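Next up: some structures, all given as structure tokens.
Note that chain A is present in both complexes that follow, paired respectively with chain B and with chain C.
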Partner chain A sequence: MADTMIPSEEPEAPSNRPPAMHRLREWLQRRYVRHVLIITVVIGFLLLPLCWLLLAAMNQSGGPASSIMQDIQQTIFVFTLVSIPITSFVFAVLVYSLFGWKGKSGDTPPNNDNPAIRTNAVAVITWTATSSLLAGFLVVWGLVELADITANSYGSTSATGQPKTEDALVVNVTGQQWVWTFQYPQYDKVTSDVLYLPKDRPVLFNVTSLDVVHNFWAVELGIKIDANPGAITQTGVTPNKVGTFNVRCAELCGLHHAYMETKIEVMPDQTFNTFMRESGGGKTS
Partner chain B sequence: MSTATIHQVEVPQPKQHGKPGGIMRHLNFFTGLISGVVLALVFGYLMNIQFAAGAQTANFSSASANPTFWAMMVGWVLGFMAGMGAFVGPIRWLLGRDLTHEDAEFMAGKGQGKFRYWRFTTDHKVVGIQYLIVAMIILGFGGLLAMLIRTELGFTWMEVFNPDFYNSLVGTHGIAMIIAMIVVVSGPVGNFVVPLMCGARDMAFPRLNALSIWLLVCAVPPLILSLLVGGIRDGWSVYQPLNSQAGPGMIGYQTTIIVFAVSTALASVNIMTTVLTMRAKGMTWSRTPILIYGVFAAAAMGLYAFPFYMYSQILSMTDRLINTSFFNPIEGGSVWLYENLFWLLGHPEVYVILIPSTAVILELIPVFMRKPLFSYYMAIAGIVGVVGLSGLVWAHHMYMTGWAPQANYPFMLSTEMISIPVGFLVLVVIGTMWRGTFWSRLPMMAVFAVIFNKMIGGVTGIYLSDVPADQFFHGNMFVTAHFHYMLMGVALFGAMGGVAYYFPKWTGRYLDERTGSIGFWTAFIGFQLTFGSMFVAGLQGQPRRVLQFDNMFNISNWISTVGAYTIGIGMLIFLAAIMSSWRSGDRAPSNPWQAQTLDWQTATPVPLENFPVLPVVTKLPYDYGVPDPLDPKTLEKEYDEKVGAPT
Partner chain C sequence: MTRFLVALVSVLIGAGVVAGVAVFASTTSGEPPLLVATPTGMVDTPDGPMNSASLELAVYPNNSDQIAGPMEGVNALYASQGWPFYWPSTTLQVPANSLITMTITQYDSGGRVFNPYWAKVHGTADGTMTVNGKTVSEWDVDKVGHTFTVHQYPESGQPYFFLSVPLPANGGNAVGNANPYVTDPKVVTFTFRTGAAGTYVWNCEFPCGDLYQEFGGPMQQRGWMSGTFEVV
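Our next item is the complex of A and B:
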């Protein structure tokens, strides 16, 4: 009956459940827990070099040649670093299950003396909280980096389609099966099939295609945008390294898609102007 | 009209006309094949006459061959399905001749021996096995194409194939594998196992079930034939307007997709209805095995996603045939419209492949760990979360299209959120492994392989979901490696585990452990070589779908090619294990894994209506390692815990 259930008169329910910190310490002292954690750390340190190896592989052809590419690499570095703890913990459980708890073969199942763990609130909450926090961190990081890259590349912010700074170089990029053509409207519409760019000067690309969808990928500059027929897409970059880099087509565009690539020559601003004049384009704007 | 007594009520029964089955006695796969080919030729001939006034040639690569090829495809589909007997049911209804009990039994394949596998058979067990065989044939075909692709990429100093044929290889490999992977788990497991696991006598719509498998069979030949008439040179995504440039082979692709989408929709409706309405008494939503949730979720997602694919291909087809200009920018169409329609399918479809495989893994891991599934509700939450989010992420394939750069922000958010429910599923697996001694058999090996691959595929997926990183990886070998880790590393290896697990139920025999394991691990090692080094090629900057590349990519491509051949050898060994075990493996009892789900509680081979008496469910089927409460040992242990052990 309800009226007999007066809480104040009830003695407090006896509980021999030790405090949380004590239980955590007890848990950490278990043999398998220690082993799993040690294996996690070992695998984590084995995976750690990946943070740099990934970037080393990306830089084999001479990059990064722009701040955008540096941002991209920073993102990849951070993502690798953040995903290592969870990955190595899962791998550690796999390893310990294989070699620590081990298996039994045979035609009949092993004895039913495994602990019947149906669920564990602490594990579920910890896992959910950790993975949500990590995902949240990655989302926030990604949004901030994306805003940064967008600001650096004029891509989505320029509603007018005009470069933001006075001295920006405009290049009209045209893809067609299977060549790239680069036109410099500020230099008497000089046209070239190699992309010549000045160092440290913002460049705005107006990208389009004459036939099918191509993808303008300046590999070491870290920019990529589809070249669509009947539409102009925009992107931009400020090269900060002198050298020879690659443009590749990153969207299957038919027969000779594999050969639709060309070079980028990034040169000092002075050299670039001289070069353009020699190619027949006085600076008109 | 005869009558039958059901529940003490006289119910009128339809009259039997002739022998049971009627005309269905004479129709089978071979009559379907013949009538399909004949009708295709007739239709093609008629259409050719129609267009013969112009400068029509018999050259299939000319664009004017399009209508002829289209007519042949229509003829093939109609002829094959008619020859199979797919239209007999509707015609019966028109004539007012309902099926008698004997007719229905004939349709279910009673007393026809092995030949029932060649017929329009309604029994869900027959359909399941048919799905398995068809999926294996398509996988073999796609795998062969993969070997050819890697051969081209391994000989880095020359073109082994001409670029046209190479591009066709890439496209056909892609779509063949996608089709095969969609049906490889949902087909055999969804049709054979799910009704058993629900405790039902058959699927909800048995004749629809037969229709869906034979539509799938019907969809495959146009795809293979299209290689002969220009092929699919544009990757499996066949972006417009490149699509319109291709030869009439593209019509083969479009026919395949349209027919396959119908087949998938029918199968999805069937599975969903079965799960919703035909679960055994007492099988509430909190006692339903996780595999049923997985297959149900995949079916629901397929039902949502496949219409987009079908529409995109129908519109492409009308663009090609009658110049409707949906996707042709020169005439006012939009390439972004196509890309949106395509990826509205494209991303949910990935989970249509992944979720059933993951569910099979979740289903078999408690059996082999002899432990309850860790946090059953979290597994459900994971599946539901993935399904819910998967409809909202398609534009992450379009980050770099310039379509709507502002949309990149929300799509990046939704895509990265998917890692949370996927993480739930990983926790369920490692939680079930925690502190358990596993039963070291072949299906259990698949769990280790799948979780390993899933972590690699999942983490690399996070890079791709992030727009800045994707700015480097989009259209790059890194993407190829990533989705192979998910679709092959998780889904196909999971499916192999599922085959090993259900093999005793399907065939009454064990899958040979030794040969099977050798094949499985060979394929696994080859897989790591192939796609691990493909990640490196991607990081170095190799674009996808190229047949020639700079010298800097040579080494990683050589390793990939060696790995691909290793996968091929491993898969052949696994196939040999399947074939030899099917014919002469060790006999298995009806419940060899001592599993608790309903599918193992019936006899092997499963009788025609599955259960002599329909079962009643009282608990979740994952009570492993739980001591029997009335066992004296349990009571003793409980006494020790509560009162204290005698010292």
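Our next item is the complex of A and C:
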């Protein structure tokens, strides 16, 4: 308590200050600084498992099932990791402010505060530089990852809307209240309410809606795009894991929006071709 | 002590507001009473004997003196709107691991269904249905009245279940005030198997409501063209 009280009536920055490092050492030796730093470290270690818990929660349904989703998860992991020291410090100050500086009943509040931090050049420069470095890191990381994800997810050439490779599978996705249907134009327009995909083969999705705006979200594949009535939007992905995953609608679209989900079945390419033939899709083009 | 009482009263008022909203939402939700499928004994199937049950529904173009239509909760407010509805309930229950035969009597008119996928039969035991005794696997996309489409969300952990049958449209020329419904409705019958227990939703995929793209009104209010489908 005592180190928070300044017995002067006019808070002023002292003149003839000692060197910065000396002041830093002196500052670090103060009780409340030590306590805040200790609480920061404790909270930081408590929050650290959050990075892995987030990934575990996201992967409960079997993902990631594409390189896009792996990139997204890596970004979430790094951003969470970077934010933990800042979050910990903010909470440490909050906790110490609540309990360390708590006055007792009958205490007289202090007449004045410590000198304003804006006059402390070291603190201002440190704070500004650290914030700028962190923000710059997040911006650069985000832009690089976004470019990578966009390159992988946009499964067609932007000028023509055609698939990037001859091998690509085209799926026409239709959303309507409150069911998805998937048509395979290269397989005699076989249509299904379940999204069947081959592993390790690029897929181009032509997405549209027959009524209101929906959002086609292939959760474990990491792609998500609006389904607009009267328009076709495109996205793409290359599934890299066999399994059962989920399609959801990510745009509030009416009464049964919460139930507008279906399955994704990713299977080996040969199994997929056999399945399509058995479903009446013998005429590949 | 005063602070404690103020805090306690505040918490009680908050809990009361939440409870009031819950009671209001529950009493006005408009969920019709449960309609349970009638057991019809054991039947032989290629996989051995199986329980069976039947369920009968009808689809009317609007309410009348003969058929009141949905009147539960907030639905009573819409009674004068002339909306189509399933009857006698949209809250359905069928037994698990059974062969269910459903009969839907369709009195409404119709038109072209937006998505031809809904003009086909999906998920019945043999991929077909009967319309007035005639077996078909799909219907003319320009003459669909409604659909009965059951679906779910796969993350629920229950068995995947998908069923959809088109209900053929009727002409409306025989309809008048004295006789509000056609006298020769389309009677659609189909059979499907249920798996383990689960709760699903169903709705009509033919846009038969009002407002934008005819997906308003009865398409957006439980008790008319949508409901729950419980397998127990």
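Keep in mind that, in the parts below, the second predicted complex is superposed on the first by the 247 of 285 C-alpha atoms of A that agree within 3 Å, B and C clash if a C-alpha of one lies under 4 Å from a C-alpha of the other, contacts with A are read in each partner's own complex, and residues count from 1 in each chain.
The criterion applied here is as follows: a residue touches a chain if its C-beta (ideal position, glycine included) is under 8 Å from a C-beta of that chain, and two chains touch if they have at least 3 such contacts.
Just so it is clear, the model here is predicted, and its values are computed rather than measured.
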Superposition on chain A - do chain B and chain C clash or fit: clash
Partner chain(s) touched by A:P229 [first = chain B, second = chain C, both, neither]: both
Chain B versus chain C as contact partner of A:H256, first or second or both or neither: both
Touching partner for A:D211 - first (chain B), second (chain C), both, neither: both
Which superposed partner A:V173 touches (first chain B, second chain C, both, neither): neither
When both partners are placed on the shared chain, which of chain B and chain C touches more of chain A: B
Contacts of A:T181 with chain B and chain C, given as first, second, both or neither: second
Which of chain B and chain C A:I149 touches, first, second, both or neither: first
Which of chain B and chain C A:S131 touches, first, second, both or neither: first
Touched partner set for A:L197, first chain B, second chain C, both or neither: neither
Partner chain(s) touched by A:L47 [first = chain B, second = chain C, both, neither]: neither
Shared contact residues on chain A - chain B and chain C: 61, 211-212, 229, 246, 248, 254-256, 258-259
Chain A residues touching chain B - in the complex, by the definition given at the top: 32, 54, 57-58, 60-61, 68-69, 71-72, 75-76, 79, 83, 86-87, 90-91, 93-94, 97-98, 101-106, 108-120, 123-124, 127-128, 131-132, 135, 138-139, 141-143, 145-146, 149-150, 155-156, 207, 211-213, 215, 217, 219, 222-226, 228-231, 233-235, 246, 248-259
Complex interface listing, chain C residues touching chain A: 114-115, 117, 122, 149, 151-155, 160, 162, 164, 201, 203, 205, 207, 212-213, 215, 219-222, 226
Contact footprint of chain A on chain B as seen in their complex: 163-164, 167, 170, 233-235, 239-242, 245, 329-330, 334-336, 367-372, 374-378, 400-402, 405-406, 408-409, 412-413, 416-417, 419-420, 423-424, 426-427, 430-431, 433-441, 444, 448, 451-452, 455, 459, 462-463, 465-469, 471-472, 474-476, 536, 539-541, 543-550, 552, 593-594, 623-627
Partner chain C, residues of chain A touching it in the complex: 61, 174, 176-179, 181, 191, 193-194, 210-212, 229, 244, 246, 248, 254-256, 258-263
